[in-house]
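What follows is a group of structures, each given as structure tokens.
Look for subunit A in each of the two complexes below; its partner is subunit B in the first and subunit C in the second.
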Partner chain A sequence: MNQFLINLDKWWITIKISWVKHTAYRLNFLLQILGPAIVFLFVKYNLWSAIYKGQPDLVIKGFNFQDMIQYHFWAFVVGLVAQGHGAWNLAEDIRMGRISSYLIYPFNFWEFHTASWISFQMIQIFITTVTLLIFKSMGIIQLPGSSLFIFGTVYTLFISCFWFSIQYLTGLISFWLEETWILRVSLNIVATFLSGAIIPLDLYPEALVKILNYTPFPYLSYYPIQIFMGKISSPMELSLGIAIIGIWTLALTYINHLIWKRGIKLYTAAGM
Partner chain B sequence: MLLRKYWEVYKKFVSTSVAVETSFRTSFILLIIMDIFFFFSTITSIRFIYDHVATIGPWNKDQLLFFITFMLMIDNLHMMIFSQSFWEFSAHLKTGSLDYIILRPMNTIFSVFFRHFRASSLIITPLFIGHLIYYGISLKLDYLAWVMIPLFVILSLALLVILEFILSTSMFWLTDGLGINFLRMQFQQLARWPNFIYQSLTRKVLSFVIPILLIGSGPVHFLIDHTHYKLLLYMGVAVVAGLFILANLWKIGLRRYDSASS
Partner chain C sequence: MTAPLIQTQNLGKQFVSFKKLPGVMGSFTSFFKRNPIIKNAVEDFTFTVKAGEIVGLLGPNGAGKTTLMKMFTGIIVPSHGELKILGHNPWERDKALRKKMALVMGQKSQLWWDIPAMDSFLLLQKYYEISDEQFEERISKMSELLGVKDLLHIHVRKLSLGERMKMELMASLLHNPDVIFLDEPTIGLDLVAQENIRHFIKQYHEENQCCIIITSHYMQDVQALCDRLVLIFDGKKSFDGPIEEFEHILGHEKSVTFNFSCPQDPKHSFFSSLNTKWNEELTQLELRIEEARLREVSAQMIQDFPVEDFQTEKLPIERVMKELMNNPDLLRKKSP
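== the complex of A and B ==
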């Protein structure tokens, strides 16, 4: 019990330190994390406004203008919570030989970065809550029933675990690869395109959607947005998403464990 | 004589950048794949939208795809010649290594922003040129348009980088310029769409105050319909005014620089 409390204390202190680090350069945080998401939303809002302009009755694959705008505002909210963390320091820690410290500290590499991610998520959840309140008060989005809203929120947090695991994986690849940011950005481009974050998957060709349903991509954006918009509500459909993302996250965590074990054998502690 | 000197220096910059980039072969190949996927995902998204609507604003599918390809061509050249240098510049300011660049006997803007060349972008340039020609043929562009395209690509790239150079001077006043680089990328994101998708006030601000919408909309509107030349004139003014602002801001910024390492 005592050991558990000491360990908990380490997590809490690391989370607090990371919080301070994340918020030290507020302008940078704003431009780096919020800026891209806001501009992406702004462009999509303008684009769809131009498409529906002068055609108030236009319905595209079941989406009228209000539905389409709601879709993109929910995509913004989901993106903020699930995809905000970039795990930028992870690869640098390995490449620059900084993980030597973690090999000695009583708080390992995974624990440190996970604690850092948790603190980042706390900031993101705070920002998202404020954003949601603003959107709601402006009448831009309609909140679903409380049970669906809670489920959607929990599900989005699940997706953020998935994203963290995959970002962690790309970071660990720096044991072998000089520049892992390319992998991270590539993954982001692929996921943004195939998950329905740019346009709803309903607008994609049916054959492509059928193939995509066998991948985790639709479950990263399209699926949680549908939950928040109240279009997915049956227990069967809801549990399917959780199961798929859960399995992928567990698999990735296990793969990360294996890669760390192999990678650490190659580690040369550059600069020591 | 002076141009020749700069050309010789630039050739060295290119050769050292190519040597560094190609020594990490996996990263080099991944960069190419990433850029190709970005290109096709952008084009395909537009195609998917046009499967359900006939026009966006006044433009049909071929017109918008021509515009997007034109902008992606500018992006490609930007990535090839300038992109890396912006990221390095914020690092130079933070660590104080800008000292060594300032000491070189040549223009500091040239030394800072032309230093890094990305060969992987050069390899996929034919992809962009090919698509630009393909959509140009679909639009049945006339001879004048074909002659003007290379000039407009250079002019658009010039306006983009001048605006980015100006924005980057703000790094002299910041402890960490990383955020400015992200802001720069957001301006690129806004410029990647034609001016008519934006509402009136936004369009005016982004055309005449921070003229990023002129980068693509100026030339492409003219290429499609030669009576639309006004934006092109504004673009010329923006380039000249931008150069003047940059020269002055850069001087002030350099005076502000206090060298973190000394």
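== the complex of A and C ==
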């Protein structure tokens, strides 16, 4: 076997082991599947039904009731695939000195962590597919044409790489800061708000949207949702999103590499 | 293979921490003005270890043993000095070096909690690129030796501490490492489990002639396993030599304890020339006798006094260790 296959084998077994770990607690796993879907149905669906109630022709900034539900459903799907992985463990692993084992095994910490993320993504994609099928069969959503759907899916996977790299970064900051929880929660809240995951960016003041277009935020939720809803379909616009997210991800990965190299020198392996 | 496996030269590690006053105000002021406290965890540590040696690293809590182990295994980066393990700088964490090294931590589990030990072993098989035949051979041999054959497929979180420790040992020895670091491998274990682990390590070492560095607070471990002891106090090496020499660090006296059937008179002329230590009831006497006079004094004691039983100490290093920990200055006098 050549070295590449041997390494691939290491990744594969790590993914499988993480799989077992992610699903070790069955109830937890089940809640993880059901929880977000229930929240979506009860909170968002009911909220927007109430807003549009009795006014079947109401259009808010170009969104009628059907559009609004579509928007929120796709926001939910994008969030599920792109942002499901919390990477909460990383910071704790560093602070509690749990990364020592990975410094000793001939398999690097980032490799282990990435493999664990890939395995989580596989579960998450399965959950999303099931959710999609259920909502489709209930007639709540419409799927775009197959090429747009595939493009949207690939794009969403790019976004998940972006989220992974930025969460990895916030985790690495634990080499310097005792507690990074607040930092990560604020990042999530800000991103959720500015990316259009809570309400469509069309509802925000125009000036704000103009500024936002210079940040990666709209490309994290608003853009992919527009693709799934068939509102963005020109090749130019489609590749713009991928290019922006791709460049950000590469830059973050490089920064992570540098930060790891500096941080590991500060690592004291608390408690061993 | 006589080239040193581990070589250090004036190795040192400093930790910087920041003083924080208690309470909210303390947090507030230390946010703006941080008072660094620099602690030398290890200082000027120089030693070499050859292939096949078992070295016991001894010292009180906080003396720097674990810091040394972390530097040896490349987990932390030394602040100064040189350190080579099998010719590598461990903190560069070359994969080639990592494949020849193992670390077992008694206080910390390296196995995955939520899966059976066997699954962890299979993972490590891939990581260390161990062939199937070798893997199976080692698993069956080690699990036999440790008596854990039936436990391989049970979730690690359901194992007892002793069983888990055995699995930890197996996990770290699967790849047949050249250098093994054992950090308190018997901590918290019952006497039988301790003995099992010691026996296993001894046997493993005899068969593989690997190099082992072990830290432990149990002197039985040290006595049973190590040929050579290294003592650390306050981050500095204060003794390095064979275990027999360590026993004699405080002189060539033996300690013998006699139990009498009735109280004795400590002012008896026979005792005047001896180093004695009586219990309160005057029925037990601990004598420190020069090795050369041991036979003569003991024989006379048994003849002249109502001795019920007597014993020589089993673990002289334990006594030496205790005295040194209570009075570290003793060493400074010994080695000017």
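Everything below uses one rule, namely that the second predicted complex is superposed on the first by the 260 of 272 C-alpha atoms of A that agree within 3 Å, B and C clash if a C-alpha of one lies under 4 Å from a C-alpha of the other, contacts with A are read in each partner's own complex, and residues count from 1 in each chain.
Just so we're on the same page, a contact is a pair of C-beta atoms (placed from the backbone, for glycine too) under 8 Å apart; a residue touches a chain by one contact, two chains touch by 3 or more.
The model shown is predicted, which means the values in this text are computed figures rather than measured ones.
> Who does A:17 touch here: subunit B (first), subunit C (second), both, or neither?
second
> Under the stated touch criterion, which partner chain does A:133 make contact with: subunit B (first), subunit C (second), both, or neither?
Touch status of A:133: no partner.
> Can you tell me whether subunit B or subunit C touches more residues on subunit A?
B
> Return first, second, both or neither, reflecting whether A:154 touches subunit B, subunit C, both chains, or no partner chain.
neither
> Between subunit B (first) and subunit C (second), which does A:178 come into contact with in this model arrangement: first, second, both, or neither?
first
> Touch check for A:198: first (subunit B), second (subunit C), both, or neither?
First partner only, subunit B.
> Using the superposition described at the top, list the residues of subunit A that contact subunit B and also contact subunit C.
none
> Which residues, counting only subunit A, touch subunit C once they are in their complex?
Result: residues 6, 9-10, 13-14, 17, 20-21, 24, 97, 100-101, 103-107, 264-265, 267-269, 271-272 of subunit A touch subunit C.
> Quick one: in the complex, what on subunit C touches subunit A?
15, 66, 70, 73-77, 93, 95, 98-99, 101-103, 105, 107-108, 110, 112, 114-115, 119-120, 122-124, 126-129, 183
> Which bits of subunit A are touching subunit B when the two form their complex?
Result: residues 25, 27-32, 35-36, 39-40, 42-43, 46-47, 49-51, 53, 58, 60-61, 177-179, 182-183, 185-186, 189-190, 192-193, 198-199, 203-205 of subunit A touch subunit B.
> For subunit B, which residues are in contact with subunit A within the complex?
24, 26-27, 30-31, 33-34, 37-38, 41, 44-45, 48-49, 51-53, 56-57, 174-176, 178-180, 182-183, 185-186, 189-190, 192-193, 196-199, 202
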